[in-house]
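Here chain A shows up in two complexes: once beside chain B, once beside chain C.
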Partner chain A sequence: MTTVQAGRGPILAAARPSQGAPRWRPQPLLFASPAVLLVVGLLYAPFVWTAYLSFTSYDGLNPPQWTGLANYIGFFRDGILWVTVSNTLMWVAGTILLPVGLGLFVATVTYRSRWGTLLRLPFLIPYAVSGAGVAVVWGFVLQPHGALNEVLAFLHLPGGHASLLANRPVNTVVMIVASTWQQVGVNALLFLVGLQSIPEAPLEAARLDGADGWRLFRYITWPLLRPLTAVVVGLAIVASLKTFDVVWVLTQGGPGRSSETLAVTMYRDTFVANEYGTGSTVAVVLTVIAGIASVLYLRGQLSSRRTVEW
Partner chain B sequence: MGRVVTRAIFAVLWLIWLAPVYLLVVNAFRSTDEYAHASIWSPPHHFGLWANFVAAYHSAGLGGSLYSTALYAVVAPAIAVVVGALAGYAIIALRLRHGFAWFVLVFGGSIFPIQMLVIPLFVGYAHLDLYDHRPGLILIYTAVSVPLAAFIMRNFFTGISYSIYEAAVMDGASSWRIFYRIYLPLATTACAAIFILEFTFIWNDLLFGLTLSQSDSVRPVMTALSSLLSLYAGTTYNIVLAAMLFLSLPTMALFLCTQRLFARGLSLGQIG
Partner chain C sequence: MGSYTRLLLAAALAGALATAACGSSSNPSAAPTTVPTGKTGGETLSLYNDKGQWKQFFTDIGALSKTQVGSDLNPVGYTDENTYQAFIKASLRTKVKPDLFTWATGGELNSLASQHVLADTSALWKDAIGKGYLSQQLEPYYTVDGKQYCVPLNVAYWGMFYNKHVFAKYNLQPPKTWSDFTTILSTLKAGGVTPMYQTSTLFTFVWFEQLLAGSNPDVYNALSTGKAKYTDQAVVDTMKLWQSEEAAGYFTDPTVKDQPQALLEKGGDGGVAMVPFGTWFNTSMTAEGQKPGVDYGFFVIPNVNPALPKTSMVFETGPLCELASAPHLVDSLRVMNWWLTPDAQQKWAGSRDDVSANPKATISDPALQEVAAAAGSGQYNIVDRYFEAAPPPVLTAALDAFGAFMVKPSTYMDQLNTIQKAADQYWATNK
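Up next is the complex of A and B:
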């Protein structure tokens, strides 16, 4: 009835026989039940229900009508699919490129610097700001004739007199930059923890061999950071697929529907257009894409790790 | 040469990152009269921060919102910590049968995108009269906090020697008593970590607030803040910025004091 599992230590193995035959105890499950009930009732059940609703026509008032794959077919035929999916993919690519890349850069430059904390501070402050807060700050920076327009005009760069949130794909790019402003700090922090855990020996050996600067980073530090980079990139992918707060507060997906991401389309279909079935379909598509991305990414990481190992 | 270029690039980035912070602070401090004509880059001449915040407070009904959010962000993580600790205790100390499977079930709750939850929650809450009521929001914030709490508590309890549990049983203590007199007090640091991470998540949440509440007194602060921005026709931006600055203070203070914790919490895939 009771099996001694591996890794539970010798104490258990020694103690068990002295207790005699194990009794049936309802108590352990009783202790675990609040967690199980909360999670099943408020996370699993809605999840399953959303999956069901994605096959129905539902307005939130009348009972859902089973319509099979109609929502999915409709969604894939809809012109909005291309816009929202490509915007979402821009968010994913941009988030890997900018916040992760710059985070690594900031961590590498400030690591071991005497002024490290001070140098990192401007990057850390924005992370403590919520998505809505980021949208407020950048709404101010981006407003017509606002701070960014002034700077661009002053530097004679393009965009000085244009409204930066008015056209696709510039509006999505600009919002990715806004989100980068928030995200770099925490990635820098993660990479900093990684840098601090790198053993001194290989670095020292490489330095004695004459490596420094870029070469030291390229051939020693970067390979040693790989496992951590995998975690950071994986997190960035999953989080960026679900981009909602910044877009919703800044543009509500507009103008028109030009800056919608999948998460915004889902919210808009459901709570603005009152098409709960369609909204559920978008949520399912989003979840499936996130799932596939995670699996592909994990598989890629695992197979490439195998070739690096020695 | 390479080093000089690197430092120059870093210096430019540093300035770019600081610029929005600077603009936020100087314009949140600027009085509305001054905001109308002064350059947004100039430092403020009159201290208008408090007046701006009061204006935002009235136009978005921030009073009830602040109280509600403080309630959500304190009560929900507190319940989740205890619930998660109970689950971890059942699995590790009480040797719950198929404990690992139960653990996977509970922790697995953290992988669902919020988008997959809000429709049934909205409809269900409307039926159960939980929509736009504080207990409803506390309930969902607790539920989304439980997986991380169970994860951290289970890991923490694995590090407590089983002989402590056995000794307490020998002394005749009940399971419940061992939990709240021995295991929970030992885990104070783990509890604090969970609490801080979940407090921040709830304080910064927008989506649950948008979908499960609407009245000024129930909706969380970030939802109120975003409504302030769309009401912007009637409010000048210095007022919105002042509100945002105030509403960010609690999480900013927490984050800057406990940075490492956030890096660890994030690498569990929970926060963000």
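Up next is the complex of A and C:
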């Protein structure tokens, strides 16, 4: 019987500081202070300011007026809330399903392939393009009478005359597809690193035991990839919760707020409606959701020691 | 706490205080109460604007400014309105301040003026009106609490740009009545041509304001003062009319990404026959290589209600402003004063093939010249563009609601209720 231990790797088992008697020395604080000041000034201070603004009414010109929980109550009572939350959840589910799923597929299929690098290259190139650039390119594809409509019409398939960006949930789905085009490559690359880090011994042992193809992947490769999958999925969850650029460039959250995500709502409230207070409220809520989701997910995935036996 | 720690904390606190002190704006110096004459000190003035695509026009007028008044202009153009507005607001609290900047009239101008951050241009207005450089009718758009702020960057009358080749093919003439107009719509549709452009992004209000101002201008005006409701019968009837036109297929898909000038140029060949926009659209058309009077024309849209005494025409004007704390306060005022002269306006309007705020400037396009002259003579019932007329929170809700309506026209009552809800909230605290 072979036992494969996955989970905490060498990164988490980092060397601990020596246990000698603590002695107060100012030099470390001095050396650390530039970085600490930068982090406090550029990350913590803006967040505290944003959190403060979320309890105010502020238009960017007049001084902020303290309004207590009014913005939060308004946010949770807003009729558009369920649209933006459900769109955001679609992005989370879609991002895990498509860019992460396809990334794993591409990495697995091309790993050890003779032409692997060449096959992966087309998936990697779009990652060099910014999200806004991707959206502009996909605008030509998805717009009315755009490339996709033309192809579907030419092939006499349904959707040849459909307005893909007009109605929810179709507009969100096609934007997830556009985002997938960009994201698959980098996920494939991450999974490839994971595949390369799997030791040869358990794979060989499994092959000797008769495992092959799907069974080899399902019972050996996939469990051994688990730590990396946890990180990739965790990153995907956070990134998808923050989805903004593709949506903003393609639809600006419309028509009629139908494709708005929480991040787009944050931008709209702040910079379009000039209600910095309510925009800050959305920012705080989004941060809390992303934080909770990340902690819960990563804790669940990385904290336990997993074993695979056969 | 060790001495080093205290030292570090003290240094950090001092740094933070110094940063805060740098960020706070100094007291704005007062603008002169008389018109500054003579030439500037020769420094180049920054002109921040939300019209990035007009860079060449700003550069050209800057060259003339240098020759005539001593200062060149350095245009810093933005193409994203939200980013631009955020920058201007942030500039009030930082040292990076524009000498001159473009803005919007209506609620946007009021919000800056009420903060006392704009330079007073009352003296410039008085002088320019006296010389006939500006119309008295324009003054209210720039007046807050009895004082004038900014000067007109541009003025625009709204009507319909149309593809002349398409109109010729279907033997159509610019309409004189609403009935003529509906005949044009149905003829084009029957010929397989999409009659009109619409978009679900930003300019979603265009057809609403046109139909309502042409049906019931009093109600249209009353909406912007809170004296009429979006659920009033006149507004509901307007939306029903718009719905019937949507159902008839008279508009482009609202999510179309192609530029309207490109669509109008295409005309019947996968484009559109008409685009309802302000006269500034002429600049976009000529930049596209289209010739006014040959490839495209412009007509005033007839009233829906033929019983109205005058044809309603939507009007907009955009300001060129200066902060009271501008780096070159007096010289920027000198340039603004020069900006209003016929020489400057001839160059500014002429290079863009657009109308001018100065009645003494002539316009190259005869169709626009005719419209501007007729508007100036009181032939039309001028109404403010919805974008400036509606209070900002109501506008934000309305732009989204009209966009949603375009996709699902049957929801017109839901959309009106949504806008009215925003209006109720606004007027509850802004009487």
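Everything that follows uses one rule, which is that the second predicted complex is superposed on the first by the 264 of 310 C-alpha atoms of A that agree within 3 Å, B and C clash if a C-alpha of one lies under 4 Å from a C-alpha of the other, contacts with A are read in each partner's own complex, and residues count from 1 in each chain.
One rule holds for everything that comes next: a residue touches a chain if its C-beta (ideal position, glycine included) is under 8 Å from a C-beta of that chain, and two chains touch if they have at least 3 such contacts.
Owing to the predicted nature of the structure, the values given are computational and were not obtained by experimental measurement.
Applying the stated contact rule after C-alpha superposition, one finds that A:V184 touches chain B and leaves chain C untouched. Using the contact criterion defined above for the overlaid structures, shared-chain residue A:Y111 touches neither chain B nor chain C, since it reaches no partner. Within the superposed three-chain arrangement, the count of touched residues of chain A is higher for B, of the candidates chain B and chain C. Contacts of A:Y72 after superposition on the shared chain: neither chain B nor chain C is touched. In the superposition on chain A, contact of A:F217 is made with neither chain B nor chain C. Of the two partner chains, neither chain B nor chain C is touched by A:Y297. Contacts of A:F47 after superposition on the shared chain: chain B is touched, whereas chain C is not. In the superposition on chain A, A:G254 makes contact with chain C only, while chain B stays out of contact range. Contacts of A:G60 after superposition: both chain B and chain C are touched.
Of the residues of chain A, those at positions 29-30, 60, 139-140, 143, 146, 267, 271 touch chain B in one of the two structures and chain C in the other.
Across the interface of their complex, chain B is touched by residues 2, 5, 8-9, 11-12, 15, 25, 27-32, 34-36, 38-47, 49-51, 53, 60, 102, 105-106, 109, 119, 122-133, 135-141, 143, 146-147, 150, 181, 184, 186, 189-190, 192-193, 213-214, 231, 235, 238-239, 242, 244-245, 248-249, 262-263, 266-267, 270-271, 276, 279-280, 282-284, 286-287, 290 of chain A.
Those residues of chain B that touch chain A in the complex are listed here as 2-3, 6-7, 9-10, 13-14, 17-21, 23-24, 27, 40-41, 83-84, 86-87, 89-91, 94-97, 99-100, 102, 105-106, 109, 112-124, 139-140, 142-144, 146-147, 150, 161-163, 166, 175, 179, 203-207, 210-211, 222-223, 225-226, 229, 237, 240-241, 244, 247-248, 251-252, 254-256, 259-260, 262-263, 266-267, 269, 272. On chain A, the positions that touch chain C within their shared complex are 24, 26, 29-30, 33, 37, 59-62, 139-140, 143-146, 163-167, 251-252, 254-258, 267, 271-275.
Residues 2, 4-5, 8, 12, 15, 82-83, 85-86, 89-90, 92, 111-112, 115, 117, 200-201, 252-258, 270, 392-393, 396, 400-401, 403-408, 415 of chain C are the ones that touch chain A when the two sit in their complex.
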